[in-house]
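Have a look at these structures, which come just after this line.
In what comes next, subunit A is part of two complexes: it sits with subunit B in the first one and with subunit C in the second one.
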Partner chain A sequence: MTEPRSVGPPARARLRAAGLTLPLVAFVGFSFLFPLGTMLSRSVYDPLVADALPETLALLEEWDGETLPGEPVFAAAARELETALGDRLAGRLGGRVNRVASGMRSVIVRGARAAAEAPAATARETLIAGDPAWGDPATWRAIRTAGERFTVRHYLRALDLDRDAGGSVVRQPEELRIYVPLLLRTLMVSGAVTLLCLLLGYPIAHLIANAPPRRARWLILLVLVPFWTSLLVRTTAWIVLLQTHGVVNSLLVALGIVADDGRIAMIYNMTGTLVAMTHVLLPFMVLPLYSVMRTIPPHFMRAASSLGANRRQSFFRVYWPLTLPGTAAGSLLVFILAIGYYITPALVGGSSGQLFSNMIAFHMQTSLNWGLAAALGGILFVAVGALYVVYDRLVGASSLRLG
Partner chain B sequence: MPDDANYVEFKGVSKTYDGVTPVVDGLDLQVEKGEFLTLLGPSGSGKTTCLMMLAGFEAPTAGSIRVRGRPIGDLPPRKRGIGMVFQNYALFPHLTVGQNLSFPLEVRGVDPEHTRNRVARALGLVRLEGYENRKTTQLSGGQQQRVAIARALVFEPDLVLMDEPLGALDRRLREEMQYEIRRIQRTLGITCIYVTHDQQEAMVLSDRVAVFHDGRLQQIASPEGLYEEPMRNFVARFIGENNRLPGRIESIDGAVCDVRVGEALIQALRVVPAEVGDETTLSIRPERVKLAPEPGLYHNEFEAEVLDLTFLGDHLRVVVRLLGNDDFVVKIPNIVGHGAVIPGDRVRIGWTPTDCRALDHEPEAAPP
Partner chain C sequence: MSASGLRRRGAALALLAALGCSSGDGDAGSLTAVSWGGAMARAVNKAQYEPFEAATGVTIAREDYNGGLAEIRTQVDTGNVHWDVVDLETFDSLRGCDEGLLELMPDDLLGPGADGSAPAEDFWPGTITDCGIGRIFYSTVLAYHPDRFPGETPATLGDFFDLERFPGRRGMRRSPLVNLEFALMADGVAPEEVYAVLDTDAGMERAFRKLDTIRDFVVWWEAGAQPPQMLADAEVVLSTAYNGRIFNAQVAENQPFVIIWDGQVLDFGQYGIVAGTPNLEVALDFVRFASTPESMARVSAEIAYSPVRRSALPLVTTHRETGVAMAPHLPTSPENMGRALVSDTRWWSEHLDEVNERFSAWLAR
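And now, the complex of A and B:
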């Protein structure tokens, strides 16, 4: 006997269908939302110092911040530093405080050693004997700041801001501002790359969209082949071409266009970054444009010219507006990818061609200041999000055609 | 001095896309000023290609096209002064109705005041007053069609081309639009070249119809002329219903000839130049065949067997077996006293030689 089937899907079947999407939901959650959340939380949440020095920090709350703290504070600090040393935490503790005020790493570590190995009559004498900086209220201020569990410190630094002694937010002195100018430069480079991709990609997409099917397949293949090549290989190819004794320069010298000692610097600078990034990102412009152009039937252009429009008028009044969804989608895609680009500038950008993401990488891998790296990432995230909102307002996200 | 009778002239025009297959083959055609000419033919017979060559989107492989007495081979489409209505309307989807209509005026540099007036007038012509601010995508098929026509007319061309403009509309709307198109063309006195594969549409609209088949012009005549006096087997088959009897010419007497079909000898009009012994196909319209005529009335009179009978209101359609053909159709008007027949009856049928045309012999091909 088989069960009679009802016309609509029964609730159980619907549930089962929804259940099929569970792995996907879990995957997205695990591989995207979770790391993103962890990263963003790191930018505002750092419990290491607070967990290591709970008593000291509690006592410091009563402290006026101007005079040297009293003996109980020194005693608590010495005790907790000794424990931290035993737990092999002293170095990392020092590193955290060091980010607030440079030079603090050794102060903390020496203090901890002194507390563990050479206790004097008072805790105060012990620590100052370890490092005289313990006699300076600035050290204690740094510890107090580093001990904040939740902090906007990283964001302030990522925006080239700081707190003055009174705690109000001020801009860093001119010569210390690095992140905001770098962000602006990154935005400008991304804009330039987007524009270059559009200028190069539009005619290519048009050519492919209007080629006979066989040739169109070949052309699409040519656009896609770089996708199948390692990014590293493609970028390295540019080094071969553009370096001082590379193909292009040698050719120019051989043709007598530039002197042998006047070879042009085309790589390891901003030019290199622009050229290589445009090349790498070009397919992301061509594909959305192509997919939109393919749907524009030729009779629109014929109608325009039968109505009396010349080529320029037909293009700007009919073709261009009809390709706007593709242009917008391609530009958004290229811009967003460019803003977070990392490998290409790292390889061919030299020192002047570095972008925002390279700074994030630096703090992730070299300075190991993950909180700051996370804050920089958060700012990038907000910038991209804002861009998307603007796009949605202007063009409408539903018209996105990505290929 | 433009010659009104030769307003548009195709002279020996041929076109091939692949260099081998002719899509249009040696076309000679004159269109008179103010005329409504329809290019009629099955799909793939080269009608669109003819329009495209005239509009300037394709170049003839051979021959020349003149408009208003001047060769137009060197003129780009925008300078030919020809309005065009495309099969799928080709209304610009990103522009409103008003913007679509002002497009041809703006690219010509007409000032905004005039543009507004002329757009309003053109919309009035197609009875869409006040639709300026509508999106074209919000319009029904019939309304889009009207906008497309208005747009092709708004810059006041005296020659308008339409490529199957009603193909996408349903039957009722199509009939309504046929009437509208005809009215507009008469009102403005413009010359119109119209393409369709629908013979009924061609009959309703046209002053003259040019029938195409495989890239060749078969016959050009008024609708009555095409129906009454088809000059080629294809035309007889394509326009209206007809009976075809294959046979061989046995004797010729001026405009009349005797054709042997099986056992019988049928007297017919000799339409195409043919010699005794040539194969021919006789074409007889079903409504010109009389059922049970008075004896001796017709020269051609034969015995037939009724196979099938369909009642169609104003007439009856009788299928009979005649001279070995069992798809010979006779239409009899539903009037008092029509012969009451039933399948299986043996009847006599007859027709005059003038209603029976000996045309070229064509190997049987399925009519469209």
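And now, the complex of A and C:
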């Protein structure tokens, strides 16, 4: 009788405490995990074609994939396409098959129209009269592929792979390999930006952390003002500064450092991307560094030198290790934000301005191929996750301090 | 009305809107029209929204977007449609129609032309699609600042690719759209054969080979505002650009830019109606109203884009703000149509995914 009473209140208190986090858990589940899950499921699951052409696809399972399928397959396809046309599904079907093989959209739609409007003696003649491509086994292979309810082809595509007619995995032809090179470039750019932010941000954070409070407030403000400025305004400002006849080049010419016809290309190339992105992301490095440095008592360094360390030793053996949590947090923040950046590089990066996220945006907004967009996002997710694991092994995630 | 009364009324309206009711009071209804922002939205507002409100008593809520179908798709998928009429790029209108995101346009929606011709004759071929009614033609043209060419000046599309006679950097949009067409026409392909050639592997190869010749001298732009800026700042000597942007720089900023109309590639925008809108009748009324030749001509008095109805072109006279005669600035004026190509959006809607991958790979090489 006494035992439950002594356990009761703490348990209830714990429960109540846990209850306080419920809104947060619900919010995270609703606004983050659920959309993430549905989006990722799109990358492997697409029932549209399978639902619209069940009979045709069932018959195609028996088919060898080389010769033209027989009349029963044509008849089933004609019937199901006609229904799809009536349900306003033909265009959507065509769009799905078109993702497997370019040019298929109109083949499907014309076939559906022919089946509805101009049936010939046989279904085969009907469809081929609608579009001659119905007489090509490649069309049927594309339909069969698009009809997979569960598929890995978006992931294959996202890794510049494809399946050949026999079904084995092969690399895409060279002129279509784009996602892997872009992913590598994106990781490299993000790494370089992180390094630049660290090199620039470390001394700034140190300066602010050790300045008298009044001056520190002003310095923090200076870091934050660009942070509060619109992204496009900042980007445009860099264009004004860095372009061929821009402020920096004109200054260099006026000072006689470069010749008028030898102006330096500083924008619409990788330099522009790095400069603009570093500027945009710098506050994310400075703030965590600053919050860690502020907690390091200045007498630690004095103690180090009184024990005989020179300035370099006391920095590398005392100060630097103490700032590691801030360095790690800032680097991780900057790196992950940089991976998702695409507007700034697109505006100032010239031919190198296309990064991985541009392709995700393209497939989200323009091509509406959300399956592929989700697969690309999934790959980015895995890449970042892998980096985090490596980071955890090297530095230890528990040392992370976000401020 | 007191401030609190206003607030209460505002809250009541918001509640009604949230419940999906059109506001009661027996008024003529309301409509949410979505346009591109900036000069385009101002033009449509002056030329079409305001006159429609005055004529019918309907209240139009104006919204801006940046193209694409992501918002429309979300609204339709979640059954929470609050956009009605949208200014669409044809590309989006075709895909949106396929995906069932847009309402089908009834066959008898449109009235006759200013000369009494049937709508099918009066509208430029292809500008009426299942879910979209053509609004305006805009064009990608070549433009330059005369100061960069004190001697001989470029005059043709071929000159854009001629680095010997016209050295210097060129601006081009970072997209395969339009650029492949430019490349083939500059390589001697007649406009009417461009898409037949692009349809073959050899033709695609040919287009990229032509782009290869100027690749190292291209500054790639992303936003339509960039080319006039790059021309003014001497970042490039020649650039592809939207004709409306160049016109704006000419009349509003007194820039002496010159447009080369030779080889221009025209695109048209359309009105589309979001599938499942509760305001379908009013939306159709608006599209009918905005598709009269007179209404189209009013748009062209605001901004240098051509009406897609042939009979509306003669109704366009001068720019409303500056009084400049519009004819020389409109893409479809006969004097600008010497060698011109209307972009085949249907072709692009089938091939863009693959071509875009190829273009990105080419760019990253």
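Convention: the second predicted complex is superposed on the first by the 370 of 403 C-alpha atoms of A that agree within 3 Å, B and C clash if a C-alpha of one lies under 4 Å from a C-alpha of the other, contacts with A are read in each partner's own complex, and residues count from 1 in each chain.
Quick note on the criterion: a residue touches a chain if its C-beta (ideal position, glycine included) is under 8 Å from a C-beta of that chain, and two chains touch if they have at least 3 such contacts.
Everything numeric here is computed off the predicted structure, so don't read it as measured data.
Student: After lining both complexes up on subunit A, report clash or fit for subunit B versus subunit C.
Tutor: They fit: once the shared chain is superposed, the two partners occupy separate space.
Student: Look at A:313 in the shared chain and tell me whether it touches subunit B only, subunit C only, both, or neither; answer first, second, both or neither.
Tutor: A:313 sits against subunit B, while subunit C stays out of touch.
Student: In the combined three-chain arrangement, what's the angle at subunit A toward subunit B and subunit C (CA centres, steps of 10°)?
Tutor: 130
Student: Thinking of the overlay built on chain A, is A:261 touched by subunit B (first), by subunit C (second), by both, or by neither?
Tutor: neither
Student: After superposition on the shared chain, which partner residues are touched by A:321: those of subunit B (first), subunit C (second), both, or neither?
Tutor: In the superposed model, A:321 contacts subunit B only, not subunit C.
Student: Among the partners subunit B and subunit C, which is in contact with a greater number of residues of subunit A?
Tutor: The larger set of subunit A residues in touch belongs to C.
Student: Based on the superposed arrangement, let me know which partner A:64 touches: subunit B (first), subunit C (second), both, or neither?
Tutor: Neither partner.
Student: Which partner chains sit in contact with A:164 here, subunit B, subunit C, both or neither? Use first/second/both/neither.
Tutor: Touch partners of A:164: none, neither subunit B nor subunit C.
Student: Please indicate which partner A:303 is in contact with in the superposed arrangement: first for subunit B, second for subunit C, both, or neither.
Tutor: After superposing on A, A:303 lies in contact with subunit B but is clear of subunit C.
Student: By how many Å are the closest C-alpha atoms of subunit B and subunit C apart after the superposition?
Tutor: Once the two complexes are overlaid, subunit B and subunit C approach no closer than 45 Å between C-alpha atoms.
Student: Which part of subunit B faces subunit A closely enough to touch in the complex?
Tutor: The contact residues of subunit B facing subunit A are 55-57, 76-78, 82-84, 86-88, 90, 92-94, 103-104, 107-108, 151-152, 155.
Student: Along subunit A, where are the residues that touch subunit C in the complex?
Tutor: Interface residues on the subunit A side: 88-89, 91-92, 94-95, 98-99, 102-106, 174-178, 181-182, 185, 239, 243-246, 268, 346-347, 350-354, 359, 362, 364-369.
Student: For subunit A, which residues count as touching subunit B in their complex?
Tutor: It is residues 297, 299-300, 302-310, 313, 317-318, 321-322 of subunit A that touch subunit B.
Student: Where on subunit C does subunit A make contact in their complex?
Tutor: The touching residues are 67-70, 73, 91, 95, 97-100, 104, 174, 199, 215, 218-220, 222-223, 226, 229-230, 233-235, 346, 349-354, 356-358, 360-364.
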